[in-house]
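Per-chain residue numbering starts at 1, and chain names A, B, C, D, E and F are given in the order in which the chains are listed.
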């Protein structure tokens, strides 16, 4: 996934979320709302919650969910080592079936980091 | 998924099903047969069974299975609200990990409806 | 599961739900609330929604969730054949891995029916 | 699980299977039939198919299914090392989430072996 | 689960782990070893890793794994609110199918806390 | 998946595995190592272990894992019938939710066989 792909992913995700909400009944709207709130700062900081969301998405093997949390982890300033240790827990718990997702995580992570660096130029 | 994509999806699915059956042993053929029979009218009408197949596919998060049942739901005249309430049960039971699939359901549904309308012209 | 077991199951479930809610934050409370609302009459009747909840629980193989929906299906007057056809969809989609749960569903169903009959005495 | 427990497990399983079949429609009966046929000798011997059934049950984490295939593996004369290597594939693919099931497999296996030995007395 | 049950759970888990290791080949031993190492202090502290292990176990719905991480979370001094927010992420991602496990988490947590308090007497 | 696609799949997989290992900590490296070792000849031959890996990947529904094991099965000289019977066990255990993957297995298998034949020319 190139930077353009990451941007395209986020834009398509946003657009289709709007489509879901346009069609959503009251319960779907409530669930969407909780899905926003639950990752906010509380007893645990948002950055830890993003790691929780990432490992949950990894062991359940949902690429779109993983990608979203990887982007959020990058925004929260998660370090390479923190990311790696989180993924290692997921890999240990979830097994080698998670490996294809690990590949895509690191591909995206390299691009997210490369983007940040070039932004500084 | 555009209308052409929905048609392409159905055609590819059909063609590959033929490939599976060409290579299938007796047990695979029997399972394929049950997979056809189990959604037919009985004590429950076919339309309810398609909703059951849809929600099962949603919580198990299989895009191809979901898409097939969405197309069948459209053929059975499922209303927008019936679809939404079925998806809301799946979302509640299966969690936010189902949301990427909800996005793709509504994208396909809009296109299925748009196709029906223009067919009427 | 005998009648006493079904009653004990429901009572323990209720008691522990209270414990969850006692400890619950705002998001957990919202999710619990949606979990109540989503099965109510709407475009689809409550009885159909219980079948949706049952098949979703069956393919995800959660015994407590299955048992709850079986009890609710009995309350909604689901017939033997309607139950069987719903389970057959779940078995077809979810495979033989669901069979241990089918065993427990029918064991509970016989007892739920036996209880209803003896209530009439 | 003691020998008595293994015997009790098999008897209860058989009794409840009869209950499922008593209530079964035509599709459920067909699926049950395939579930018998698919493990029989063919291009692959029954003993290999039992290992396939075991590893599939292990990664899907269904205790009843695992126990059934462990008993069948014992009947097919699977060696300790063959069992261990099969479980190691499942553990690798499925992750540490499979470990509680590995514990119960070895507990049952020791008892199955102990039973065989004392039968010889 | 009473205090005695928590103690019994830990003892049985330990005893059966020894049984797995007695029968384990080299790969199983390596996986067991990683399963110990991966939760240790690193870029992320052990307490955060226990929360990661807990949420992964919750969305994969493995009671034994959940119980182990709950006990470890208690040892690491996780607060009620930190636990609740972690579970809320898991409930959001994994859906209502996780609720039976939430019930058992809070039951164990109350007992773990009650034990700590009375230890102080 | 055409031959070129199979080659492209293998090359991309290899390249991204290198990326994972470049970023890997000690535990991830150990897990990767086990993932290599566990399929080697032992009490069970490598070809049987590839069938175990395939059926585990099929019921867990991971396309990349399935494709890898299908390629390895072809290298190990698995016959059409052995493949079919392995897939039939997976389909039986895992249900119709595995069918989209069966379609892709047979598509790849035909191409792997066609490649082998033309190589002989």
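Rule of thumb we're sticking to: a residue touches a chain if its C-beta (ideal position, glycine included) is under 8 Å from a C-beta of that chain, and two chains touch if they have at least 3 such contacts.
In this text, all values refer to a predicted model and were calculated from it rather than measured experimentally.
Shared residue numbers account for over half of those found at the interface formed by subunit B and subunit C, and the copies are therefore classed as meeting with the same residues. A straight line joining the Cα centres of subunit A and subunit C is 33 Å long.
We define each chain's centre as the mean of its Cα atoms; on that basis subunit A and subunit F are separated by 27 Å. For the pair subunit D and subunit F, the distance between mean C-alpha positions equals 24 Å. Looking at subunit B, one finds that residues 25, 27, 31, 34-35, 38, 42, 56-57, 59-60, 65, 81, 84-85, 88, 91-94, 96-97 touch two or more other chains.
Taken together, the touching pairs cover every possible pairing of the chains. Interface residues of subunit C, counted against subunit B in their complex, comprise 34-35, 38-39, 42-44, 48-49, 51-53, 55-60, 65, 79, 81-82, 84-86, 88-90, 92-94.
Within the complex formed with subunit E, the residues of subunit B that make contact are 59, 91-98.
Contacts from subunit E toward subunit C in the complex involve residues 61, 80-81, 84-85, 87-88, 91-92, 96-97, 99-100, 102-104, 106-107, 109-110. Those residues of subunit E that touch subunit F in the complex are listed here as 25-27, 30-31, 33-34, 37-38, 42.
Per the touch definition, subunit E reaches subunit D in the complex via residues 13, 16-17, 19-20, 22-25, 27-28, 31, 35, 56-57, 60, 62-65.
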